[in-house]
């Protein structure tokens, strides 16, 4: 066996043509999912999200009133080292370094670590982080594995890739060891639970995000399980009580003017999806990010 | 509980017996879906909605406290010209003209045009329109096809079937060409986005509907994709961020006293449904319409 | 994260070991579903809920900050008389009598009756009842069957197992014969419709529950169809317009200090579930109950 | 092709009109499934089989070259006593007694017993039996229940409804207690395992069926789990290694001239079906039976 | 709306690069399905077949021992006139005329007609035809529509596109009007039913195909419903009793040396597929065709 | 029928109690799947196979006429090093070494390597191998990974764990690089393609297996994709044209008297299964193995 694994063949997000990504915003898929701790299958995320994105091609963004497909490129899928976590993370960092402004389609959340490493190098300092998720992802290990999908931000904080005082997590609600939670808070991270979003409302949470992150360069990391499993069944570690898609859209649309340097959309596992619900949610939320940047 | 259990109820919608529809309210199916632009399959909508409606047979409407199955008839499915859009629209108009008060189960949204043509003739003037949808459906064409499911209200406005100043669209959120949107607004149509419903609330939107439509004869056209795909996955052109079923119910229940002359429930595509979720939503929303009329 | 990954956790609910249930809180499954009136299949509920609960094993409850898996036992499934409703109800009552504090995984809602009979005997007086459901379940019969899943609380009231003035139903929204509804209200039962929850909000409804039930011993009966079918498709008699999982969680978390003597989680029918959505919702809501009791 | 397309055909099985069944062949559904021992849901079998049968309406039988929809009537569904096995069996026998030649759509296999009781009374003597199944269905009890779906032929033999020497079972392959198997053989029943069909071939088995049953009045009881689960996933107690649909068709087509007095098609559980595979198989095999009788 | 409909975006069969198809073998998708008479959805066939074909990329054909991905091109999807059957057929013919050797992925079977028209013009005489299908597809009309998916070969014979004496149909088994069947036979067409394949065996049928078609230029038209629905559930008009995939492969592998001028693979409707079963079958059978031609 | 109904059977595989496996036959699950090259998810195989096995508990094996549940133990799931292939293989070997006679439920096929390493050590010499699979699994690497699921027997041969002249592969049919195929044959391995099984028949192939493997200690490795995807959709790398379940059963039942020292059942990926088809096939084939050993 040689070349790309069978599940990694190209096609363009929003119909975008290929490109090197040296300028402008580029999409890339990262079909990597062996750092998951429960249901796998996010390796098929890039293909599913690209396919679902085709439904958004015809027309302008409804509130921005602009065609978001113009000028976008899709660099295809990153090479990974099949079956080898550390080697894959190294490969991802190396490839990410080539891009001017990268939006990735995962893949599991472990990919955020090498993506942030590459950005940190390019920008010369730690980033702010807007992190949508059901889980804090600051576990020091993942059932003995250092770089599992629940540990990416433990390392990102420890490696100085993100500034925890400019880091906000939205949608958090899973069981979590109390010492992990306390460590995260002690670093200065702001945690907004899903119940907070439901009860405090969109305006208050959006203001808190803007205030926490500020105007310095930031990164958007969106784990699709921030959404409730009713809206995103196709994921590996679902938790009930999550966000509706309208809430995620409403929050993102209020983040205009923030200085985002990149985004990832992770943990879409199509084998558990139905009627492309999850893939369409992921594609549309990336589309909302593009609306912020165009 | 009495009679046959719900899984063994015979007859049409809500167990209704057949009839000519010359008097009273009659249900009819229109298994027509070749004017769709994405996922087809709404031809199976009438069958699925009728079946799901059986779950509603046992008991009275919970707030109206009346049995809605009394006096209702189900005329079966309309004949269509399989594979021929213009001939089918003509057939639909012709058959619809026979009914005193028709509630149709689609089928794709293109059927609204001949239904409105028939009503316009009967009533002698343009109708008000309460239009639930994710899409404006005022495209001047449909990938080159004049009568696609996204163009029905472009024609309805141009043909004077509806009065655009008495027309309100609720749930709108899809990408749309800016010139299509601007044309629609310039005709006087009121557009309430799904985000508006989420953020402004039920009372405000219900009041706006009542005010826009007024007391003259109106029509209710309900595209099931007004609902969020979490609540209605079984449809052809889903868009995230849509209405919850409770919101649609809450709005409909506040429309009592409006002068509705007919209704359609369209775009239920059962092949993409799960556990009859979408068909049950469609059946129940028709049931709420009947509660307004009984 | 430590121990076995969630997909390889052994044991019962939340990985609990077996036990007699003579002390502490014990889980038991009741795979009984022949008293259903529409879609059957809740006999597979206990297995599905236990399996989904494994996803909750790794970590403490996020707001309670305590490990709920400690000290819990799982007594396995109750014996039933396959195909015989009265004999099964007798067997269930007999087995339930052995437990100090029983949390059952149904099965259909008819099991609540013998569970309440056993509790009534143990406690010597009628219980308060917090009842989540789409249906009032106070029909005097079930298509001719005295002990169907829609009649359990008719009997519970008539037999003096619950005190109807300390009984509150949340999420009600199905069609219902007006005389059944009126009988229920005339007994003193408080009914909170799903629309009430949506429009009046969590705080108001939680206060009403606390006030209605008071501090005397109570029981929690949770029919999963209280949730909207988007959040819980895997059930037998779904009704649109129901609760979101976050609402159910938010309500339960406000019931701390009530004097619950037991709980059932019923009507999970896995054959209609998708991606374990419904089973996970059921497992997590039982988990929230445990958080109230630990 | 003429008339309504298959997806819009009205009426009962094969589009048949209603009727009393006093003359000719009549279809009836029996939505009864509480005597199942594993997956329930066959109560939805009649509805699913009727719907799938619509695909067979357009054209003549391909080898018989005759239109099988002529003269057929569909009497709708039998009333049952929901939740009560003995009362339901009594009701079924009573209703079946009204029919000249009845073909029933189950429902679980327990319905065969009252159907045979009714036929035995009408004909005045025991019947021959062609029985397709994965299971012998001669268990003396069903987990303590006397009339479960695995015991129908134990009673049929003991009550003298069928002549075991004129009884042949085809497709048998499930685990079975050796004493149950030996009792069955000792009564004179002929058992043809699924492996026998695969290895001995159609001609040999068809000849054995004809020889065993002879020319006296007989009954055809077809449990859909005689088919392999690849061909009929939608059933309650699947067993691998079963018949392909072509084998069942090939066998049935060789039974012309036998004197069949009735048929049942049982154990179709649509909740486990996919793409209507199982329902279509059931409908087509009933269609093949009609081809033998028309 | 303009440009290609959303469901028609490119990607390469077996990973093939794009190309004009002026030389060599080229793949093209034809996402056209409005001439179907039952379940629609074959418009998504090209996308699904291409995706499933990726599983076949790694390695040589197991018996031919050659890499079939070399030199193949994929021209993407044909333009169609959405919603207009005659205009679409004209467009398909026009585009097909540009190719040296075209293998198309449908789409419904109506596309075979314009494809044969284009080939007939190129070759100057009628073609032989190897036609796998459950249906004869020689109906003179399709519920009133002249060019439905069940009429393509009626026209192909009448227009002299194929030589009916060099035409063989394999897998036939649906109900069919006797006059349609007789007309087909009277034209000289050879019909091999699915039961014939099961009972006469591969060698005999393969020999009959070779003998009927001979060495002059021929065409292979493969309707996926020639396969049994257990092997190909994802199609619009399934019929039980069909071919296993191994039988189709075994037959195709014995057709080496025939002079095929083109192929179509039609009627894959992914909405009814499961685990990509049908799409993989379609992709692999196209792969077997390529093995005959390389 | 006695005891708990099949849907409420407690315990492990076939309801077996736990045990150390020091004597007798023991079942163990190995929830490891990160060495897959296409669809992942076999980590859920052990759970699914155990659950499906409950359907086989009630009764004796139909031809062996013995109760196979007696004396069997289930040791639960092996610990693995989540996310680390080499460390997991080492852990598996270490745990396997503790068992007298181990039957494992995978997991992907890479687990066969450490299982054979442990057996080789115990037995002191290379084993014979009966290997059911669609793929030869003798690739020297797996997209760069040395121990992927397609390379297990390359290493097993090179490490002298199996004797390639006593090794037979049944069901082979995937594309494969010609040099990989030639290397395999050159080692002396016997390859029986799926087409061979279909065309040469059960008796001939069973004889060839017996003759190839002989009477010395052997191992049975069963990749569920040896079965056709119609019979086993729930797997990662399906290939059409495979074995029917009856063929696999018929072959296994003819292997009595062979000296099997262990078995694995691998590559069941429940996320792609339907109605437990694949899990039931896997469970039943393990059951057939137990019938050979009891």
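Quick notes
First chain written, first letter: the chains are A, B, C, D, E and F, and each begins at residue 1.
Convention: a residue touches a chain if its C-beta (ideal position, glycine included) is under 8 Å from a C-beta of that chain, and two chains touch if they have at least 3 such contacts.
Given the structure is predicted, the values throughout are model-derived calculations rather than measurements.
The chains in contact with subunit C as well as with subunit D are B, F. Number of steps on the shortest path from subunit B to subunit E, with steps defined by chain touch: 1. Although subunit A and subunit B share one sequence, what matters here is the overlap of their interface residues, and that overlap falls short of half of the numbers used. Looking at A-F alongside B-D, one finds more C-beta pairs in contact between the chains of A-F.
Looking for a copy of the D-E interface in B-E, E-F or C-D, one arrives at E-F, which has over half of the same contact pairs by residue number.
Annotation: 36 Å between the Cα-based centres of subunit B and subunit C. Subunit F has its Cα centroid 41 Å from the Cα centroid of subunit C.
Centres computed as Cα averages put subunit C at a distance of 54 Å from subunit E.
Residues of subunit B found to touch two or more other chains are 4-5, 7, 38, 43-44, 82, 177, 228, 230, 244, 272, 274. Remark: subunit C residues 4-5, 7-8, 10, 29, 31, 43-44, 46-47, 51, 76-77, 79-80, 82 touch subunit F in the complex. Contacts from subunit C toward subunit B in the complex involve residues 37-39, 139, 141-144, 148, 150, 172-178, 180-181, 193-195, 198-199, 228-230, 233-234, 237-242, 244, 272-274.
Of all the residues in subunit B, the ones that touch subunit E in their complex are 33-35, 37-41, 43-44, 81-85, 139, 141-145, 147-148, 150, 177, 271-272.
Within the complex, the subunit F residues that touch subunit D are 1-7, 55-63, 65, 202, 228, 230-231, 244-246, 249-250, 274-277, 280-281, 284.
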